[in-house]
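Think of it as A, B, C, D, E and F in the order they're written, each chain with its own count starting at 1.
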Amino acid sequence: MSLTHTRRTLLCVICESSIEAAVVADARRLGAHGYTVSDARGWGNHGERDGGWPMSGNVRIEILSEASVADAIATHLQKTYFAAYAMVCYLSEVSVLRSDKF
Amino acid sequence: MPFEPVILFFLLGVLAGVVRSDLKIPAVLYESLSIFLLLAIGLKGGVELARQPLAELAGPALVVVGVGALLPLIAFPVLQRLGRLSRSDAASVAAHYGSVSVVTFAVGAAYLSNLRQAYEGYMVVFLVLLEFPALMIGVWLAKRGQGDANLGKVLHEVFAGKSILLLVGGLLIGWLAGAEGLKPLDKVFFDLFKGLLAIFLLEMGLVAASRFDDLKRAGAFLLGFAIAMPLFAGTLGALTASVLGFSVGGAALLATLYASASYIAAPAAMRIAVPEANPALSIGAALGITFPFNLVVGIPTYFWLARQLEGVV
Amino acid sequence: MPFEPVILFFLLGVLAGVVRSDLKIPAVLYESLSIFLLLAIGLKGGVELARQPLAELAGPALVVVGVGALLPLIAFPVLQRLGRLSRSDAASVAAHYGSVSVVTFAVGAAYLSNLRQAYEGYMVVFLVLLEFPALMIGVWLAKRGQGDANLGKVLHEVFAGKSILLLVGGLLIGWLAGAEGLKPLDKVFFDLFKGLLAIFLLEMGLVAASRFDDLKRAGAFLLGFAIAMPLFAGTLGALTASVLGFSVGGAALLATLYASASYIAAPAAMRIAVPEANPALSIGAALGITFPFNLVVGIPTYFWLARQLEGVV
Amino acid sequence: MPFEPVILFFLLGVLAGVVRSDLKIPAVLYESLSIFLLLAIGLKGGVELARQPLAELAGPALVVVGVGALLPLIAFPVLQRLGRLSRSDAASVAAHYGSVSVVTFAVGAAYLSNLRQAYEGYMVVFLVLLEFPALMIGVWLAKRGQGDANLGKVLHEVFAGKSILLLVGGLLIGWLAGAEGLKPLDKVFFDLFKGLLAIFLLEMGLVAASRFDDLKRAGAFLLGFAIAMPLFAGTLGALTASVLGFSVGGAALLATLYASASYIAAPAAMRIAVPEANPALSIGAALGITFPFNLVVGIPTYFWLARQLEGVV
Amino acid sequence: MSLTHTRRTLLCVICESSIEAAVVADARRLGAHGYTVSDARGWGNHGERDGGWPMSGNVRIEILSEASVADAIATHLQKTYFAAYAMVCYLSEVSVLRSDKF
Amino acid sequence: MSLTHTRRTLLCVICESSIEAAVVADARRLGAHGYTVSDARGWGNHGERDGGWPMSGNVRIEILSEASVADAIATHLQKTYFAAYAMVCYLSEVSVLRSDKF
């Protein structure tokens, strides 16, 4: 990769759509400079969530940030939402252009 | 007992869910139809309101809301003690049953209009007023003594929530514009109402069927509660209406309102305010049992009850 | 030859596709409209069915389905031998042409009602009955001697598939509720039918245009087949109807049914059951050629044919 | 001043946005409604066109387009010099205000029909004709002397763009089919028009509210421009119409067209052709201020103006 | 990443929506404990799939699991669907929280 | 991962939907053999983009390709769109099956 890339962490949160607003508000508060959301459906510990009804929809939230911010957000989400909500998080290392943005 | 054809659409939806059909009503269609139904119900109520002095409503409204607020307060200890539900689960279920279901109300109104039975137009105002107190009470019941009741968030969730916003917005527009002013919109908001309600019920059938699995986890007590509670609340509603001197149609509708369990505003509010509560229990009971029960059995029963009580109380 | 204005919407859609307009009918609108159309067609048929003894239908239904089942059996060897298609491709195309297109039927019915030409209300029953035998036959043709015919999966796919579910569900609701019971729903399911069909056809035009590329791969034989087959099947339909003593309108509609090629149920079923078949071939032919052909040329031709045969056979 | 109830829906949407309600009109509903509105407006215009010789339109059309083309040319230097906007921003805003808003036109027409005020049916043709010249001029203003004006791309963007395609397609279909031929579609395209416009305006209210933030960046000059420009353009429109001998209704509508600012075609075209322009400025002004202003204040004002000018010029 | 992360494999399957049900059923059968689906459109060997019509839609299926399960699913999909269906698969390494779930 | 995997680069572009057509056309011209698009909403330097209105929608475009092609596309996007459009790009390493496709 010949561009001047920078390593950043991509945090991907899949959770029920009823907490979308809360999750992105938390992410902003903890230092994220942006996020991307798309609608999703799925299946997991909390059973099938087919998205056919507002209460059964999931969202997929991506947050690109420095590793420390991603860690802080993930830790916070784990503490705040894992017990009571359908939620999955994963982190990966990616290269970004425009590194000043994240 | 006369049969309301829109219910057949609900049953078709349930059937589709049960045979695992690939029929899926797109989420967006669900949302669009619910925007339409909420607005249309509000507009209709507003037009009726414009026909009469608001002041006369204040007294009955107070009684209707006051008695309605008893419902979650009665349900809660029953659920907690008899049903052995955790405090948050009991509070959440109580909130669902204390609040009201707009679509159950709409089917009740359709049932009456099918029988050419008149009712007080301002029942929609009660629909609006009954939606939220139970939600407040539910949160308070769940959080009593915990400090973090977060009622402010719930208040915003409810008042800025789309169902209150569209109902109240429709009421206001109907009231401001009046029957004459709304005439050019009648072809959409009034003429299409029943047909679109039918399509919405088709979808509700699918959703209800997808909740049947939850019922296994709910246990026998909750199944019984989901039928006994609406019958109890419906009776209370018919009695209250008779005392207040409502028409037979009005009494049937108030009974339907009390008997109905919310599955739009309540699940959303409880999920935010009482996260520990298991939504499968409350939604499974409200949507998997009480909603179909009210559609098929409840509404005709409440109407019959209202007729029996006519002139008695 | 009278012209049905809904076809203009189809042509507008084709034009939009051809000039690469950014007009996109959202997939959800497509699905919503097809739910509406299927339900409405079913309801209409159900109301008609309620008007007459079902037993009388059994005989004609058997003949209509029996003759209809010949279509894929005739098409298959033609496609395989003359067209040099692989066995699975030939079977899949045969299934598409043996099955029926709900929208072509709807346009045919609109065409007749435009001419104030009556037809037997129970034609919708044939629409339902003709949808799936060809799909079974197609799978059987593709898998003969291979063991894994997987007919069970296809059967479920078709019977729990949304098009049968909504058509049959609508039929039943219409039949149970009757014309009187459905009256409050007429404003949606009957009054809006043609206008929403027009919007659906606009979208079908866009989809058809997006299939034109596939046609290049299809080759000249398939292009010819996509026009000859409906003409042959339409003639067979008009003859069958005449023998059975249907009205001119009924004969035109049965011809339209036989001539139409499925592009909802068949593609979905074949994709699952006969994955080796190239969907570009069958969909390209059915949607890119036969569908427009039937709309613009076929339907008027079948009507003309039905009139010629009146009293002759 | 008579009040058009559909505006109340717009205000409800604004309110929902301001109180940060969770009401969200799904994007697909927005797109579906805009497809419907564009088609319906086109069809209506086409039916009117069929009633009269096209040749007579050529003269007035030339004048209407010619005068309309002055609008962006006048706005541009004002924005650049007085408003100190960059060249691309000034060009983009000028293009928005030079082009027209289909929904503002629809509300204007609804306003007139509410007053039972007739207007020339071919105003829709002007709506179509006025949509794109300003976009071309905007691109030319932005790119003058830069070589890469890319007008071809913009031309395709506009002519194959969905708003022109649906308006012109509707016009043609209405013109070909005539009032009689379209009758079976009236129940959708004409009867539902106002009600669906109301729902669309609810959504526009939400969108407009979400643009209020942009206005902070816009500065006082642009806020003033967003009110002064429509008043100026509306006056020019009323004068032009009077000179051309249009009816009072026609004059009010031409004033409304001139005064309206595009927020469908223009943002899309400018975003592609003049990327350096900040969309927050043009959309904020057009949608956050001018659109509500025209709905609530502008249209009645233009109608009043048209009446004053009647018989004067 | 200061949390107690665990490495898991993310399998992402992009395929035509007509086989969504079959693919997720296979994944469950082969040991996946969850999946997430969103609608997509795209272009590839099988031409453009613009999603404007049910038969032309794609789905994007994400499955987080242990490497061996992801491998088993990917191998199975390759054997079963690659020949006849529009499909693309890719695997990547990610860190998950709540590792017991996957 | 026991399959015969090949390393490829996944370029993910999140941008306003008004330039979707332009971006995928560029990607094809620069050597991509496929792409996948889904609708999204989000927040970033250009403010909130909630997708409730055509002009405020985002798309998420994934392009799997050889590293050099991904680099070429990313460089081109950076040069062409970063100044004037809401856009974010990131690259990551993934393993693909069917490597001949990319």
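In the analysis below, a residue touches a chain if its C-beta (ideal position, glycine included) is under 8 Å from a C-beta of that chain, and two chains touch if they have at least 3 such contacts.
Keep in mind that what you see is a predicted model, and the values were worked out from it rather than measured.
Engineer: What is the shortest path, in steps, from subunit B to subunit D when you may only step between chains that touch?
Structural biologist: 1
Engineer: Could you tell me which chains are in contact with subunit A and with subunit C alike?
Structural biologist: Intersection of subunit A and subunit C contact lists gives B, E.
Engineer: Can you check whether subunit E and subunit F touch via the same residue numbers (shared by over half) or via different ones?
Structural biologist: The interface of subunit E with subunit F is built from mostly unshared positions.
Engineer: Please indicate which chain is farthest from subunit A, where distance is taken between mean Cα coordinates of the chains.
Structural biologist: Max centre-to-centre separation from subunit A belongs to C.
Engineer: Taking each chain's centre as the mean of its C-alpha atoms, which one ends up farthest from the centre of subunit F?
Structural biologist: Chain B.
Engineer: Can you compute the centre-to-centre distance for subunit C and subunit F, using the mean CA position of each chain? Integer Å is fine.
Structural biologist: Comparing mean C-alpha positions, subunit F is 40 Å from subunit C.
Engineer: At what distance in angstrom does the C-alpha mean of subunit E lie from that of subunit A?
Structural biologist: Measuring from centre to centre gives 19 Å for this pair.
Engineer: For subunit A versus subunit B, what separation do you get between their C-alpha means, in angstrom?
Structural biologist: 35
Engineer: Multi-chain contacts in subunit C: which residues touch at least two other chains?
Structural biologist: Each of 22, 24-26, 28, 31, 192, 268 in subunit C touches at least two other chains.
Engineer: So which stretches of subunit A touch two or more other chains?
Structural biologist: 38-39, 92 - these are the residues of subunit A that touch more than one other chain.
Engineer: Which of the chains touch, listed as pairs?
Structural biologist: Applying the touch rule to all chain pairs gives A-B, A-E, A-F, B-C, B-D, C-D, C-E, D-F, E-F.
Engineer: Residues of subunit B touching subunit D in their complex?
Structural biologist: 28, 31-32, 35-36, 39, 156-157, 159-162, 165-166, 169, 172-173, 176-177, 181-182, 184-189, 192, 268
Engineer: Given the complex with subunit E, which residues does subunit F contribute to the contact?
Structural biologist: The contact residues of subunit F facing subunit E are 1-3, 5, 8, 10, 24, 28, 33-38, 62, 64, 92-98, 101.
Engineer: So in the complex, the part of subunit B that touches subunit C is made up of which residues?
Structural biologist: It is residues 3, 5-6, 8-9, 12, 15-16, 19-26, 28-29, 110, 113-114, 191-192, 194-196, 198-199, 202 of subunit B that touch subunit C.
Engineer: Over in the complex, which subunit D residues touch subunit F? Could you list them?
Structural biologist: 24-27, 30-31, 203, 206-207, 210, 213, 264, 267-268, 271-272, 275-276, 279-280, 283
Engineer: Any idea which subunit E residues touch subunit C in the complex?
Structural biologist: Going through subunit E, the ones touching subunit C are 16, 18-19, 22, 47-48, 50-57, 81, 83-85.
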